[in-house]
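Structure, as structure tokens:
Letters are used for the chains, namely A, B, C and D, taken in the order the chains are written, and counting of residues starts over at 1 for each.
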Amino acid sequence: MYLCDFQQRIRYGETDQMGYVYYGRYAEFYEIGRTEMIRKVGMTYRDLESRGIMMPVVKMVCNYFRPIAYDELITIRTVLRKLPTARITFHHEILNEAGELINEGEVHLVFTDATTRKPIRPPKDLMEALAPFFSGTEEN
Amino acid sequence: MYLCDFQQRIRYGETDQMGYVYYGRYAEFYEIGRTEMIRKVGMTYRDLESRGIMMPVVKMVCNYFRPIAYDELITIRTVLRKLPTARITFHHEILNEAGELINEGEVHLVFTDATTRKPIRPPKDLMEALAPFFSGTEEN
Amino acid sequence: MYLCDFQQRIRYGETDQMGYVYYGRYAEFYEIGRTEMIRKVGMTYRDLESRGIMMPVVKMVCNYFRPIAYDELITIRTVLRKLPTARITFHHEILNEAGELINEGEVHLVFTDATTRKPIRPPKDLMEALAPFFSGTEEN
Amino acid sequence: MYLCDFQQRIRYGETDQMGYVYYGRYAEFYEIGRTEMIRKVGMTYRDLESRGIMMPVVKMVCNYFRPIAYDELITIRTVLRKLPTARITFHHEILNEAGELINEGEVHLVFTDATTRKPIRPPKDLMEALAPFFSGTEEN
């Protein structure tokens, strides 16, 4: 298992007239979470793309437990439970300042060759960077 | 079962650097879908809110099958499979101009009293407007 | 002068906690306006891009006169006052259902070669399509 | 003069298919800038709102000089050149990692009573917090 926490303040533009963050904006929080997790292992998603690897999202699940308001400092917790295959799944928890769970999400992406648009194995250096955090019997 | 189709063009601002619609923007398409479905039965979500009924989203599931590009005219198909209880579930299909399924989603919302923030039964007039489309033994 | 009106409903996700459309979302309305204006002369911005012409925005001015609420049907009025040179300027007026002016904007874009990233003259077919609407002595 | 710098990474969802940040997203960067500036003087915009003060935007001007890409760490520089009256004007500069100016904006807001929706004088405590940074002959 590999875990990464990242903190972010809620923007005014992320709220809607109900007075809390719009339900569609959580996808950006998840995106921040996985971007920062990849950075934490010493790589960047930006660099992966420049090497011809695209990672389109194929599935997202969001569960909304509590609302979150403008200017709150949220923690975006991103967890990789298993080593990726052609598919990588990030689990996310969004916590408010009191540490309460406000949202839970999972995002599934597929390593894709930018030219052929075909699924590919995850890049070797990413696998090697992640390997130390996983031991034993993973499967996707 | 109750079904509503609504067409919408993809905005440039909805794309990302992969060249297709950003995965987080589909939530807005679903929102358009349910807004137009409620309008089609002769009510508006806006009016429900002004009567003190809020409908926060508690769960969303998105499946992404194909990418969709700027300026394409999509069809947002919204289906209500069952009469709502305190919870209402909308199923969505996004189709491209060729009629191909590009995305499938479901959004679960809860009828909520804007003052007490407690779940409530769906408004009578909405239930009466929907009833003719459902027959027999639905439950959520 | 060339004018194009296009109608659009305000999405819930476009509002913020003040209860009206977020000030940053008007840029998307302007974008819809110019997209539809180009379509009205028989071309598409999408096609221009596929021919290697990019049109980055170099300046935007927005004046906000009245708020606009969720579900209102706005009219996006787009006006081209002068034939473009390497720069094209769109003027926009956003009207509410009562026909009141709620917002006024202008967006300046530059015709750019997608490969060299240098400014270029506007495409001939676009100029020819626009010419009938302009007479006499325009310059940018 | 009062100045505040704040750093922020570009999100994937902020880019468009041209490969850079969408021109409409800069409004959110300006919003982050003024939020953080107010925090820096020991107050929060969130608190102002809870005291019944709303600050709708009445004008925005954006000048785009260079594109900015995904994952770049931008500096949002916010400058208050004059003490506010009923109107407050923030000037913004967005700098890339190399310190180059990529965008310049100004946003004009009006202190407004949330109940009467009438313009009001800026709150005393905000004026007192800002005063030390201004000397002599300001006018709006």
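The working rule: a residue touches a chain if its C-beta (ideal position, glycine included) is under 8 Å from a C-beta of that chain, and two chains touch if they have at least 3 such contacts.
Quick caveat: nothing in here was measured; it's all calculated off a predicted structure.
Chemist: Measuring between Cα centroids, which chain is at the maximum distance from subunit D?
Modeler: Ranked by distance of C-alpha centres from subunit D, the top chain is B.
Chemist: Where are there more C-beta contacts: A-B or A-C?
Modeler: A-B
Chemist: Which whole number of Å gives the spacing of the CA centres of subunit A and subunit C?
Modeler: About 35 Å, centre to centre.
Chemist: From the mean C-alpha coordinate of subunit A to that of subunit B, what's the distance rounded to whole Å?
Modeler: A distance of 25 Å separates the two centres.
Chemist: What residues in subunit A touch two or more of the other chains?
Modeler: Within subunit A, the residues that touch at least two other chains are 12-13, 18, 20, 22, 24, 27-28, 31, 70.
Chemist: Report the residues of subunit B in contact with subunit A in the complex, numbered from low to high.
Modeler: Contact set of subunit B toward subunit A: 18, 20, 22-28, 31, 54, 56-64, 67, 107.
Chemist: What does subunit B use to touch subunit C in their complex?
Modeler: Interface residues on the subunit B side: 9, 11-13, 27-28, 31-32, 35, 44-46, 69-71.
Chemist: Which residues of subunit B touch subunit D once you look at their complex with the stated criterion?
Modeler: Touching subunit D: residues 12-13, 15-20, 22, 24, 70 of subunit B.
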